[in-house]
Amino acid sequence: MSIDSRPASAGVASPLRSRTSLIVPAAVGVALVVVPLTALLLRADWAALPQHLAAPTVWPAVRLSLVTTTTTVLISLLVGTPLAWLLARATGRAATWLRAVLTVPLVLPPVVGGVALLLAYGRNGVVGAPLDEILGVTIPFTPVAVVLAEVFVAMPFYVVAVEGAMRQVDRRYDALAATLGASPWHTFARVAVPLATPGIAAGAALAWARALGEFGATITFAGNFVGTTQTAPLAVYTALEQDPEAAIALSVVMLTVSVVVLGALRGRWVR
Amino acid sequence: MAGTSGGREGLDAHVVATRGTFGVDVTVRAAPGEVLAVLGPNGSGKTTVLHALAGLLPLEEGHVHVGGRTWAGPQHALDPASRRTGLLLADHLLFPHLTAAGNVGFGPRARGMPGTAVAERVTTELAALGIADLADRRPGGLSHGQAQRVALARALATDPHLLLLDEPLAALDPATRTDVRATLAHRLAAYDGVTVLVTHDPLDALTLADRLVFLESGRVVQEGTPSEVVDRPRSRYVAQVVGLNLYAGNATAVDTVLTALGPVVTPGFAHVGATWVAFAPSAVSLFPERPEGSPRNTWPLTVAAVELLGRLARVRLVDGAGHPVVAEVTAASVTALRLHPGTTVWAAVKASEVTAYPA
Amino acid sequence: SSAGGTGGGTSAAGGSTVTVLAAASLSEAFSDLAGRFESEHPGVRVRVSFGSSSKLAQQVAQGAPADLVALAGTTVLAQLPEEAQDPARRTIVARNVLEVATPPDDAAGVSGLADLARPDVAVVLCVETAPCGSAADEVLGRAGVTPNVVSREVDVRSTLAKIALGEADAAIVYHSDVVTAKGRVRGVPIPAALNTTLDYPLVRLTDDVHPAAFAALVSSPAGEAVLVDAGFLAP
Amino acid sequence: MSIDSRPASAGVASPLRSRTSLIVPAAVGVALVVVPLTALLLRADWAALPQHLAAPTVWPAVRLSLVTTTTTVLISLLVGTPLAWLLARATGRAATWLRAVLTVPLVLPPVVGGVALLLAYGRNGVVGAPLDEILGVTIPFTPVAVVLAEVFVAMPFYVVAVEGAMRQVDRRYDALAATLGASPWHTFARVAVPLATPGIAAGAALAWARALGEFGATITFAGNFVGTTQTAPLAVYTALEQDPEAAIALSVVMLTVSVVVLGALRGRWVR
Amino acid sequence: MAGTSGGREGLDAHVVATRGTFGVDVTVRAAPGEVLAVLGPNGSGKTTVLHALAGLLPLEEGHVHVGGRTWAGPQHALDPASRRTGLLLADHLLFPHLTAAGNVGFGPRARGMPGTAVAERVTTELAALGIADLADRRPGGLSHGQAQRVALARALATDPHLLLLDEPLAALDPATRTDVRATLAHRLAAYDGVTVLVTHDPLDALTLADRLVFLESGRVVQEGTPSEVVDRPRSRYVAQVVGLNLYAGNATAVDTVLTALGPVVTPGFAHVGATWVAFAPSAVSLFPERPEGSPRNTWPLTVAAVELLGRLARVRLVDGAGHPVVAEVTAASVTALRLHPGTTVWAAVKASEVTAYPA
């Protein structure tokens, strides 16, 4: 029997003071994020915006960003969700340390992350060298490198967030599913994933956003070639060197796109 | 709990609320100190009414007045935290991260009681329900019945103006149940607020409640004191719960009522028209042949089911048209009469064992 | 008395500090010079912040409390506050020329600009909007070479990383970058006729004494020597 | 009555195939992260490590990073937790859009974030100008600026992750707490926070890690002054210019610290 | 469910397990098709035993053999998914994200049944329990009793080799309970696996079970067929559940047993030494004065509590040393004798109403 979540209050809200003690810090939190964004919007050169957007590099960069970030999120979902689930239910030291290792890309300055990717998948890399010699495949300077860089940087966010959410799924549901004959996979797909949906949505949003903003690892590992590896943030950065106004205009557009995408998706997805 | 709550004017509520496609429209009233038992089939809206009283479900219409104060009215509704209710939910919902003591102390602490007073109160409440030794256990380490007692203690510990108990004793073993029922009876007798008790157990209702309210499909079908209800059930469901055979009929003569079973002879009554006829299962005797002699009501029936309850047996019978009669006979007669589903027997009820009252 | 910045300068109570913003390529030389200055002027601290020139210009524009800013190239000067653009406030302290960089083993066998046109030589350049990028385009144009560019890197660091790790076979960077890379890349000079020069202006944002003294040290023969050691040309 | 979570299996694990279908993608996920890190470790110049670490800029940078990231996490906890809770329980469009806006700093290229912070809190900024004139306080190029930059970049991760976790807290517990007389604050502090602990821990880890790795916004907004605003990633960046080996050595140390901190903290905290 | 499960050799289990500081050590055996009811006070380990059988709690010692296969032994234990159990938990735990149909179909689907067969099976199961109309409802939209029936359907839908039911009927209203009990009795009669049914309701146990097992503190205190247990309870708790007064005593003469209440005269028996003495509450008559005449067992007692149950009343009495006696009298006698806590009365029990059997 569920308790209805609509508040019964039609008017009076008596514990106002207590509500204030939540709203004030929350408002501070909002301000810390919103004030700089507002400043950016206030100072943006709106008149020149159409002209900035007409630049030939804009559309390829936005398209590449959308494609690669979507791929990154899909990879995270496919590969990160089982990982998060196994970690959430794992006990013991090995799991603890694996968990910590997976957070390393969050800590690594992205540029160093890019170097690490080069050392791994580059022409002389641990994996890249045999790949080059045997299959003749080179990864750097291709869109695949962009995706690899984004996955490296963003998937850990997804895994950490989803693991937290999966941990919150009552273990009794797993156990019950097992008695009903559900294999681990069935339990994962039919019980854990649906019950952790809010966390998965949050994790996907985090990963998508992080991938969309990814800059350092991409530039170092994938390079910056219009149409192939120049994502939106690289375009912004490139513009920043010469014309900060244009860069700001571009980022404002990027933000708008992301707010709209996230707002629309999450509003539909969650709740 | 005596003297702690100000339920001078008791409870006066008219609850109109919906949950999905299901609606309730129920009026409940109780004087201060009264215990109101709410009974009814599964899904009849008992829990829904409790939630509406607690403020967890908004009223669509109606009002809730408790102790002279308006908790909910047409314009205005207090939120749950501002109502002083003690709510026990059927699926107890203990806070999983708090110990039994933490759960029981949650309400007092939330209402600002100082720490030492809370600890004392918690000890008292747990001890009264026989679970003092479980104080430091988390809900994960409690059995079902233990958890339910903790939840009961939690509801009682808030000094509520309105105590709302949803199946408080359902998970208790019979011995504990007797003890807790006695403890609760004691507590409720000393309590000057109103208690609304949802239960499926007629025993709980009869021993604890001053008045019974029966719901069906979100509407009240009968209410009254326990003896009124027990003596004169007015719906098949109520009759089943209090353990009577009940038939609607039409009074045709001073002592005969025409029912679906056929004419039933009664000790006599003083009215005409629609009439209820009731008799106890133990008043039904079964015979292999049509009996001669004093019972003036006899019917040929077919056995539908036999339930053995130790030395007694409950026999469910139906007449040709499927109208049910329940008989209670000794286990010995079951063997003697070879009662099993399909057997045809004669049932007899003395006129003096039949009650008849206007519908 | 200031041009765009007030600086942490001498006006601050108790010990004085000189705040310098410097282009990332100057970091080794300016760290060295700051140390020297501090030992010559006891009680004066030199704080240096390194970043890309355009970022530094932006910081100054937003009121960074700096006394001096040293930029790579003169184009970003336009992003400075108007007062700071006064030519009297700046001195050119160093110059740089372009050079071809290859991995130390030079597997592709790059011996001059012309080799960059070979299809088997993967070339990385700085992005057009960065000074090293526009300059490289200019040089390549002058030489009539169309290289096989695989990436236009946003800064020198990632350009050099590609070469040092052998991901690309050649790049065009500044001579000082090759010197700074200390053997992790090999430099192939570009003939002066084709080459271009990048000027490093040092802009005085305040008029305090210590910053002026530091600026003087940078322009002094000793300062010049340090900069030359770091791969720059004397102005 | 809780179901024991220890597996009853003492040996045989029959639905092996099904478990494999979880383990294979999880292993791919681990590999995507671990391979580049391993490459980094393999190529690091271990012999020179002590010498690199002895550099005078290392210790101030590490200390500053630890202080500012801890502050950032504390601010996120204090301010972001109520915010996450209110968002988790809020319905309606306003909440949906606020949620989307709060994810903007994840998307913003950090350098643009730094510009936004300068525009807001710089001496000529929307907030900074009055602050400077009235109180004589300037924020950029101080450790406060480092914290502001880290909060701007990292807190959104915390809020998004914790909101997901809070959503998963059964609403019936809130309702029950309310009937027991708990004010919104009490419900938040005594019910929502403890029940969402795994998510909060995950969120804090994310925010801490993100703050520790933060580079672009910090260098733009706070500058790169040794001892004052040069955090570990900035030190790595500066070193990268001159001596990539040293930079890699530094990052390896940074990683080790972060793995140890996260491993130890989370091992204790969660579970 | 007939013929679908291979419980040819029934259940043979010795469960030694611990949960925190609590341990169970219980042996349960049942032939194929048998229904075993497990009863016992709250916290006696009933649920713990079920969990161990289902594989949710590891055995520390002992074994579980079902249908000739070893589910758990000293070396080896199947995981829960590989055991074919149908488990109904006391706090039903429906999957909140699935509809009633989705919950019931979960097991069949997990075991690879094709979609259309699942849908059919689900419909059948829900209809049998009278909740076909709730198929598309999520657990949040079900009442407590409705949810319990869905959970029961879910357990039954897996064609288990071992059916484990933890208080399956506790949340049902009396009328539904009777119906579901009948349905269940029908199902279980046709089922050739073993059913272990945990319940607090003697009626469930007596009507559904072939054998009863009583637990206390994790150990078996009595087991046997319903009639063995009802006739000869061997612990105070068992006696209380089956509704008898029980005293331990010592046979001193051919028809007298010395108990805590004093000497009790019985119809006679053929042994000496430790003896149980039992009589029903309804065999106890109450008198204001010491009665003369046939009853040979009389004691002066004090009323501790009176529970009115409609026309009947249950009176709890204690002797001077606090030994309890329960009497069942008519509500009329309560008024006539002015029975209320503290009243002193004489209780009488005819020797012929007393049962005595060796301890």
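Read from first to last, the chains carry the letters A, B, C, D and E; within each, the first residue is number 1.
We adopt the following convention: a residue touches a chain if its C-beta (ideal position, glycine included) is under 8 Å from a C-beta of that chain, and two chains touch if they have at least 3 such contacts.
Small disclaimer: the values here were computed from a predicted structure and weren't measured.
Engineer: Note the shortest touch-path length, in steps, from chain B to chain D.
Structural biologist: 1
Engineer: What are the two chains with the most C-beta pairs touching?
Structural biologist: By contact count, the leading interface is A-D.
Engineer: Between chain A and chain D, what is the separation of their C-alpha centroids in Å?
Structural biologist: Whole-Å distance between the two chain centres: 13.
Engineer: Counting in whole Å, what is the centre-to-centre distance of chain C and chain D, each centre being its mean C-alpha position?
Structural biologist: That gives a centre separation of 33 Å.
Engineer: From the C-alpha centre of chain B to that of chain E, how far is it in Å?
Structural biologist: 22
Engineer: Please compute the C-alpha centroid of chain A, do the same for chain B, then give the distance between them in whole Å.
Structural biologist: 54
Engineer: So which bits of chain D are touching at least two other chains?
Structural biologist: Residues 1-3, 15, 111, 115, 119, 125, 172, 175-176, 183-184, 186, 195, 237, 240, 244 of chain D each touch two or more of the other chains.
Engineer: Could you check chain C for residues that touch two or more other chains and list them?
Structural biologist: As it turns out, chain C has residues touching two or more other chains at 58, 157, 161.
Engineer: Quick check on chain B: which residues sit in contact with 2+ other chains?
Structural biologist: 19, 47, 55-56, 79-81, 89-91, 141-144
Engineer: Can you tell me which positions in chain B touch chain E when the two form their complex?
Structural biologist: 19-20, 39-44, 47, 90-91, 137, 141-146, 149, 166-167, 170-178, 181-182, 200-203, 206-207, 226-227, 230, 237, 240-243, 305, 307-311
Engineer: Over in the complex, which chain C residues touch chain D? Could you list them?
Structural biologist: Residues 19, 21, 24-25, 27-28, 47-51, 55, 58-59, 62-65, 157, 161, 164, 180, 182, 184.
Engineer: Within the complex, which stretch of chain A touches chain D?
Structural biologist: Per the touch definition, chain A meets chain D at residues 2-5, 15, 17-19, 21-23, 25-26, 28-30, 32-40, 42-43, 75, 78-83, 85-86, 91, 93, 96-113, 115-117, 119-121, 125-127, 148, 151-152, 155-157, 159-161, 163-165, 167-169, 171-172, 175-176, 183-186, 188, 195-196, 198-203, 205-206, 209-210, 212-213, 215-216, 233, 236-237, 240, 244, 247-248, 251, 254-255, 258-260, 262-263, 266-267, 270-271.
Engineer: Spell out the part of chain D that touches chain B in their complex, as residue ranges.
Structural biologist: 1-2, 172-173, 175-184, 186, 190-191, 194-195, 197
Engineer: Where on chain A is chain C touching in the complex?
Structural biologist: Chain A reaches chain C through residues 111, 114-115, 118-119, 122-124, 140-141, 219-220, 222-226, 229, 234, 237-244.
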